[in-house]
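Heads up, the next two complexes both have chain A, just with different partners, chain B and then chain C.
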Partner chain A sequence: MVYRLCKILTLDSIFRGVSSVSHHQRALSVVAGASEILPVGEKQIRRFRTVESNPVKHDHNHAYKFYTIPLETKKQLFQHGGLPTFFEQQTQTFMETCIMIRDPALEILHYLKTADYTRPAIRYVMYGENGCGKSLTLAHILHYGLASGFLLIHVPWVPNWMRACKEVSNSATREGCVDLNLDAAAWLVHFKSQNAAILNTIDLRMSKEYVWSKREVTKEGAPLMELVELGISRVKYASECVIALIKEIKAHSTQGRCKTLVAINGFNAFFHPKTRVMTEAKVKVPPSKITLTEAFVEITKYDWCNGAVVLTVDKSGIAPDRRESCLPVYQLGKEGFEHLDPFVPICVRDYNDKELESCLDYYIDRRWLQNEKSCTEEGRNELKFLCGMNPYRLMHICAPL
Partner chain B sequence: MFSLIVHQLCTKPIYKKEQQESMYESGEVENILHVPVKAARVDATCSVFHDDLVRKFTNHVMKDGNKVLARELVEKAFQKIKRIQLQRYHGADDSEKKASIETNPLKIFHMALTNTKPVLQLTPIKRGGVTYQVPVPITDNRARFMAMKWLILAARDKDLRVHFPEKLAWELVDAAANQVCSRRQLLSCIFQDMPKKKTLTLSL
Partner chain C sequence: MSFAGLVNRWSRCFFQNTYAYKYTERRGVAISERYSQQPETKYEGTEEFRVLDLKPKKTAVRRKLRKKQEVMPPRTSLMPVDQDWGSVWPGPRTFHPASVPLPLRQGYKEKDAPPGKFGNAELMKIPNFLHLTPPVITRQCEALKSFCSAWPQGLETDAKCEESFPLEIITSDYCHSSPDIRDPLARIVTLKVKLGRLPLNTHAKDKLLRLVGERYNPENDVLTIMTDRCPLRQQNLDYALYLLTTLFYESWKIEAWESEKSEADMEYYDWDASASRKNVMGLLSWKPDQNAAEMSADAMDLDIKEFKEAVSKIMNEGEEEYTLSRYKEEVKKLFSLQDISSKV
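Let's look at the complex of A and B:
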């Protein structure tokens, strides 16, 4: 068997990781002692990885396996945010971006594939405890959206605007409202990098004229990218550009010229009154008085079709006074719930046994779990116990090993 | 007084599964089965990943009894070691070069310790009104302590803008690759200079 093959290799070379040995022979020999080291042979690699990197073709045959996001796709989708920070570091260390295909993602992909797009846009709300994989599931769905030709409206993390905004200024057009111009311009750059390719193929034009000032006018019939470029270059009008852009896309989707996927991470931050956005007079501003909120509240209504709205509700992104429960009704509050009702709630849970085994195999394959004991059954059982099946905790427990 | 009694009458707790099993096999367990056991240390675990040297090292890193922070710093340092070495591993083209790169942070820590351990230490010896720094043999415990101390101090001495775990990680990686830290270098310079100075016959 594979064990005997590798008794030929010396113990020393095994512990140093002999990369010259091919996949067939890449196994660890039996170490004298009570606990046995499990081999990571070819069969096991097939167990935790899949070659299928197109999310359109993902189904239950690929469940609990890791698929690789190509580098160009990752740059296009996530250059300006979308993947959690620690996960980004992992992708640098592992030299690849791999996401596990899990049940919540497969469920939403199934709904997206089989939904009737002539009906109003369906809202899917993902919820779950901290560290269960909501952001990465959203990333998987975003990749599906790109691969299926959706126009992407993606907000990587709403609390970045509500709790760590870069610049606050009073709105020129709306009284009592506040603009987050630098954040809006950054979002437009993100939108451009994700959708530049698809907007070259689909020709979307402005349906009406927008007058920004005496000299700056966006005429009717101008391409949509012109509005995006204006928002990026003229940061003063960035928030209004975002609102205009979203309303235009909504109209185009309803008329059937394009299909839109809206993906927002941390949507409950739009409805929690306690933000860290302060005016010059040090007065805290609720989200209802921030211009950017209007855009994304507009797109998550059900008065348009030919689109889908996938949202995440996260208790870590809002003030500590609302962290008792992770459930959508509690996190959205009365206002948020009335806005989103009816929606499809999707629970993102901790790892099950198969997912955990798959994850540990992946870490061993990527040389992240270096400690010899972590390959043994005892070590794996200990890791399983310590992390409590929580993906985030597992990642951090495995970090020093 | 009470702690003295406890120290004399009670045995140390044995928390490692392998040690317990071997004691049962060899029959040593009979000696301690009916003896009271001291309370276990806070950092004593039967975890398979527990390493005694790392435990000692964490204690040396600790300041003001903040063991939680000390452990986090050491764990982050190990994580950083892995990232540094994996970057080198993936950057290496040759399979031979890849095989020579050690990516296990625990192994690197052990290698760093053995490389940094001094063989002799200097003690002040006064003869004829002059105090000479004389190299004398060193116990293993003292050598291990000095190695750990030097590694930590060398890490703390580095650029203040960089966090301690990263500095410690680089220090351990360099020490494992036999790029000795400054204190050991200083000591080896002193030892090299010794024959040039007056030779002393000392009755120690």
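Let's look at the complex of A and C:
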């Protein structure tokens, strides 16, 4: 087997040149290379890495270094989405999930640590150009939330609902609204996998009775998990369950029974009038007429406490008529701004020089950059110039090298 | 058919011959008359054998060379250094290389220096001001001074002029050497006035600005009305003054529908009437155990004055890095969030 692989590799490199080996074979060779140099203990930790995998302890000393998210944590947090696709593939290739500790994440972590939780929930809005690392910063903060015992309300990518919803049905309870029940159920599964552990330790119960049908009733005092289970098993009520669940969590947070971290990626999609959700009559539905919107707009209001709301606005998440600028007030629109105001805008920028160096070191360490010139000053400068300091572009440029 | 043709040709030949004979005979008489007195030819008696020259030698025909006209050297070479230029070049005129004692070059050649001034059409195309050199201008001004009256007292500076004459009217006169002395462009009248000189209140100013649109320049506060729709200057001037008057009185009027102005029609972002204020008030007065109860706004006004300014700046001046960072600072103050650098 190994012989055959080597043969394929050598043949391939003869025909196409070493630099353009296909991705699959690259991945195999990378794994083979990485296993040789994977640190046995913690002796070999390089300057671009930190052993500190607990985001609660991250501070400016760890800035621009990569930390590893443990495999179980990653499974718990991002099993049902949350990491960008290409990054996810890369983590599988590298056999580890490493995220760089960057300034915006540190800034938000600092605020989350020092904020006064008796006051209304603070909304943090991350903005930045495409591929600057908003989603990964959000992933870092989510990890922090998990590590410091927050209940997580995480939406991996709102535009998925607005553009590629699985199923549309008319709402039974709200006139003129539509339900995205399959998506709602999928989100409940995501919520469950993220929060099952913490919901076992803190006992949250329903504050009022919900009647779904003649036979199906969620009684007052039932554990919160029961509502989640109901939504997953009875998909018909999933959207309503999400709304009920979020209202319950909001009430519990306000009363101080739990701390809640809301993390929503692509929040501006809730406020852009164009969606691809169609009713049976082929009429486009604005986000305000989708029941899921109501739930997540409700949790991002200021009228609760013991929680924090971290949102991203992304111009790639909405229709092309609102992509001229990535700045948050423009992206949210008038309605969205009035909903979120006052919020803390946080800019996620391109890499700076240190971050770029650190990232290139990491790629070389993972044998992702195998071209011998990538170690030279000249090669690094060329890569720096080609990617324009944009993390996503750097990742793409380095892939065939 | 062919026979008849033959006959015809024969007969024609015959007649022609007879005619030719007659003609030579008559010409011969005339020739003999003319040369009868001349001596006999020299060949007579020598009996020299004349060679039949079948292929005569061609003698090169010399073309007559056209006589080149003598050109005077350019006038510039004869000019004294201290000549009076104003009399060499007294008025506007197309460029003439021989009259201008300057080594000018104009144009482009691929592998050579730009063409010189002789025979250079480019230099003739462009307008020149060779008749308006500084000494000539001085001289002309001196000459004109005797026709000028004294500058009025009290109008020494531009500011004083503007104070006394707030209305500025600009027209143009055109002067050509053509049979027609009228130019259609002379009818155009431009009226300029500083808006600050008109007695307007906030409502009237806002309405006036909406009515005039592009004609107002906010940088120097000047309203410009240009009229050119009437054929005569006087008519256009009257029309411009009429427009200014109408605009003024129209902007002071308050119509019934103006009370229906909503937030979307506002010319600027009014924070005090906005949802942002409502949000902040609700947020500051919010308590976990009670629902949002409106606190007295006066108590908080001092706190949020800067926040108000930051939001208004974003809305009125546009969203950019600077206004956004200011907004961020204000929000942080509002939530009493520590700066990350303060901890370090």
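The working rule: the second predicted complex is superposed on the first by the 356 of 401 C-alpha atoms of A that agree within 3 Å, B and C clash if a C-alpha of one lies under 4 Å from a C-alpha of the other, contacts with A are read in each partner's own complex, and residues count from 1 in each chain.
In this section, contacts are C-beta pairs under 8 Å (C-beta built on N, C-alpha and C of every residue); 3 or more make two chains touch, one makes a residue touch a chain.
All figures in this text were calculated on a predicted structure; none of them were measured in a lab.
S.K.: Of the two partner chains, chain B (first) and chain C (second), which one does A:399 touch, if any: first, second, both, or neither?
M.R.: In the superposed model, A:399 contacts chain B only, not chain C.
S.K.: Identify the partner contact of A:376: answer first if only chain B is touched, second if only chain C is, both if each is, neither if none is.
M.R.: first
S.K.: Quick one: is A:367 in contact with chain B, with chain C, with both, or with neither? Answer first, second, both or neither.
M.R.: Touch status of A:367: first partner only.
S.K.: State whether A:82 touches chain B only (first), chain C only (second), both chains, or neither.
M.R.: A:82 sits against neither chain B nor chain C.
S.K.: Touching A:341 in the superposition: chain B (first), chain C (second), both, neither?
M.R.: The second partner, chain C, only.
S.K.: Which partner chains sit in contact with A:95 here, chain B, chain C, both or neither? Use first/second/both/neither.
M.R.: first
S.K.: Can A:231 be said to touch chain B (first), chain C (second), both, or neither?
M.R.: neither
S.K.: Report, in rising order, the residues of chain A that make contact with chain B in one complex and with chain C in the other.
M.R.: Shared contact residues on chain A (touching chain B in one complex, chain C in the other): none at all.
S.K.: State the interface residues of chain B toward chain A in the complex, per the touch definition above.
M.R.: These residues of chain B touch chain A: 18, 21, 47-49, 74-76, 78-79, 82-83, 86-87, 89-90, 95-96, 98-107.
S.K.: So in the complex, the part of chain A that touches chain B is made up of which residues?
M.R.: 13, 15-20, 33-35, 89, 92-93, 95, 367-368, 370-374, 376, 378-379, 382, 399-401
S.K.: Within their complex, state which residues of chain A touch chain C.
M.R.: Per the stated touch rule, the residues are 60, 106-107, 110-111, 114-116, 118-120, 122, 254-256, 302-303, 305, 325, 327-330, 337-338, 341-347.
S.K.: Chain A touches which residues of chain C in the complex?
M.R.: Within the complex, chain C touches chain A at residues 274-276, 279-280, 282-283, 286, 288, 292, 307, 311, 314, 319-321, 324, 327-328, 330-332, 334-338, 340, 343-344.
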